[in-house]
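Here it is, the structure in full.
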Amino acid sequence: SQTTEDAERYVSDWITLNVGGRHFTTSRSTLLTKEPLSMLARMFADDNNMYLMTPSATDTTGAYLIDRSPEYFEPILNYLRHGDVILDKHVNPKGVMEEAVFYGIDSMIPHLNQLIEESTLASSSNQSLT
Amino acid sequence: SQTTEDAERYVSDWITLNVGGRHFTTSRSTLLTKEPLSMLARMFADDNNMYLMTPSATDTTGAYLIDRSPEYFEPILNYLRHGDVILDKHVNPKGVMEEAVFYGIDSMIPHLNQLIEESTLASSSNQSLT
Amino acid sequence: SQTTEDAERYVSDWITLNVGGRHFTTSRSTLLTKEPLSMLARMFADDNNMYLMTPSATDTTGAYLIDRSPEYFEPILNYLRHGDVILDKHVNPKGVMEEAVFYGIDSMIPHLNQLIEESTLASSSNQSLT
Amino acid sequence: SQTTEDAERYVSDWITLNVGGRHFTTSRSTLLTKEPLSMLARMFADDNNMYLMTPSATDTTGAYLIDRSPEYFEPILNYLRHGDVILDKHVNPKGVMEEAVFYGIDSMIPHLNQLIEESTLASSSNQSLT
Amino acid sequence: SQTTEDAERYVSDWITLNVGGRHFTTSRSTLLTKEPLSMLARMFADDNNMYLMTPSATDTTGAYLIDRSPEYFEPILNYLRHGDVILDKHVNPKGVMEEAVFYGIDSMIPHLNQLIEESTLASSSNQSLT
């Protein structure tokens, strides 16, 4: 059956994710190392080069489909790569928070809470100028 | 006829939308669950794995064509995924409002009205500084 | 000849434009309805399902080639879809004005003039703070 | 030889440039007319429908490869299309200046110098508020 | 073996990098000249038209896979092209710093440190207004 075929799919070192329609290429070790108990890590964990879970469906190019925002996934993936939470000025930290919670990247949450607080302070200080 | 073929098209769990030229990949349950009476939900509702309505035309990759703004559709789709209205700072909330009304995502409208009001206040307070 | 073949091309309901290298998908009715005398409408007007003018060249995917800015075309196309002039905060309204004039979307021009004026006021008020 | 083949390549009216990995589609007349002595114009000048210079290498889609920034090329190409220097608010004018100098679009340089000066004034006036 | 085949891969003048899922096209001389001892330069250094190191894996289009942020790589590549550190206003300089350190582009680091300092000053001066 299709399900058995999926479960038997060999593990590759390079993984492309189709997050909401945009492609992100990364390595399996990036997804597994920083936060090994996260949902994202468990999706791509392997035993003896076979996936432990049935991985999600793939698109026609072989990228794993994830039904989430691509934009707010970017800082999540960068965090898994180097361990720092870095957002551009126009990015709403609440959007990144939703994704961190969804993917189970728990160690990002205190940092994002702080960014959300700072951004709320900044916008109320702008309004208090009038 | 072409129309009959379309109506008989089987329902897939993963759906790609071509919104104004950009591809968005999502699941049918995201489009149906949050706002089941919206136009978007009714476009992809099914009975016994067959579409109830004739779905819209598809492009050569099989993505459903929708003649609307891709940029302002992003926060709509994120809202259907997790239930929060989240906009980046540079995004004009009036643009998102147009799409929420078009797709019939009524529960977003009060939130968007508040964001439009706040953004009008902020820009007039900037001008009153002079 | 090539020109005759082009003139005989059948009219499709869905049209993809290649504007400066980016693809925009829209419907013929969007291009024709809001501003029927514009250059853009006349490019895609038809008589009896045949184009009245020889349409512009197409790329290998069949998209009609237009040698203009893709970024500033976005708010033009949105305007043709729903009739409101909506710009994000970082977008320079002068860029959109150039395109409205080029495509002959005359009813946008007073709105854009107002946005250009407001943006000039805002930046000079910022400078007068010093 | 490869070089001879390249030199014999016929001139097309539509030209796609691959600037640093992003595709820009434009017409040969846009590249030639506004600033005929620029490096960019000379790259695509022709005599009797044959290129005068050996054009640069092309990618697999036939786009001419240019090893420069795509983002800062956009306002350059728009300038060649309509003759106005228009930048969005977040775009650093120094980035556009680098490209104007590289491509030899000399008539843009005084405009860009003015934008760089204004942006320096604006950021120092922000700092003097403290 | 696969490794031997990779090591024997011929060196091309044009190189496409797949950085985190986005394609960047550049020339080998851009990667090698400005900072010859960097990790990026050593990845593409050659001896007699053969790579010295086993180059990284490639995607199906032949682009070299690098598991890093595409957005913050852009100013790095521009720096290698023309030698100036230029960031748009919304770009977080800390994100570019992470990449400069990763790729070993040491001469960018003092410039980025200065931009990080200025951006910290600017945001604290905004807060001190209240």
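Order as written gives the chain letters A, B, C, D and E; numbering starts at 1 within each chain.
Definition applied: contacts are C-beta pairs under 8 Å (C-beta built on N, C-alpha and C of every residue); 3 or more make two chains touch, one makes a residue touch a chain.
This structure is a prediction, so every number in the text was calculated from the model and none was measured.
Peer 1: Quick one: report the Å distance separating chain B from chain C, using the average Cα coordinate of each chain.
Peer 2: Inter-chain centre distance comes to 22 Å.
Peer 1: Quick one: report the Å distance separating chain A from chain C, using the average Cα coordinate of each chain.
Peer 2: Centre-to-centre distance between chain A and chain C: 36 Å.
Peer 1: If I count partner chains per residue in chain C, which residues reach a count of at least 2?
Peer 2: Correct list: 89-90, 129.
Peer 1: What kind of graph do the touching chains make: line, ring, star, complete, other?
Peer 2: Contact map by chain: ring.
Peer 1: Reading round the ring, first chain A, next chain E, what is the order of all the chains?
Peer 2: Once chain A is placed first and chain E next, the ring gives A, E, D, C, B.
Peer 1: Please name which positions on chain E make contact with chain A in the complex.
Peer 2: Chain E residues touching chain A: 18, 20-21, 57, 59-60, 65, 67-69, 71-72, 89-92, 94-95, 98, 102, 123, 126-127, 129-130.
Peer 1: Could you list, by residue number, the parts of chain C that touch chain B in their complex?
Peer 2: Interface residues on chain C, with respect to chain B: 13-14, 16, 22-27, 30, 61, 74, 77-78, 81-82, 84, 86-90, 121-122, 125, 128-129.
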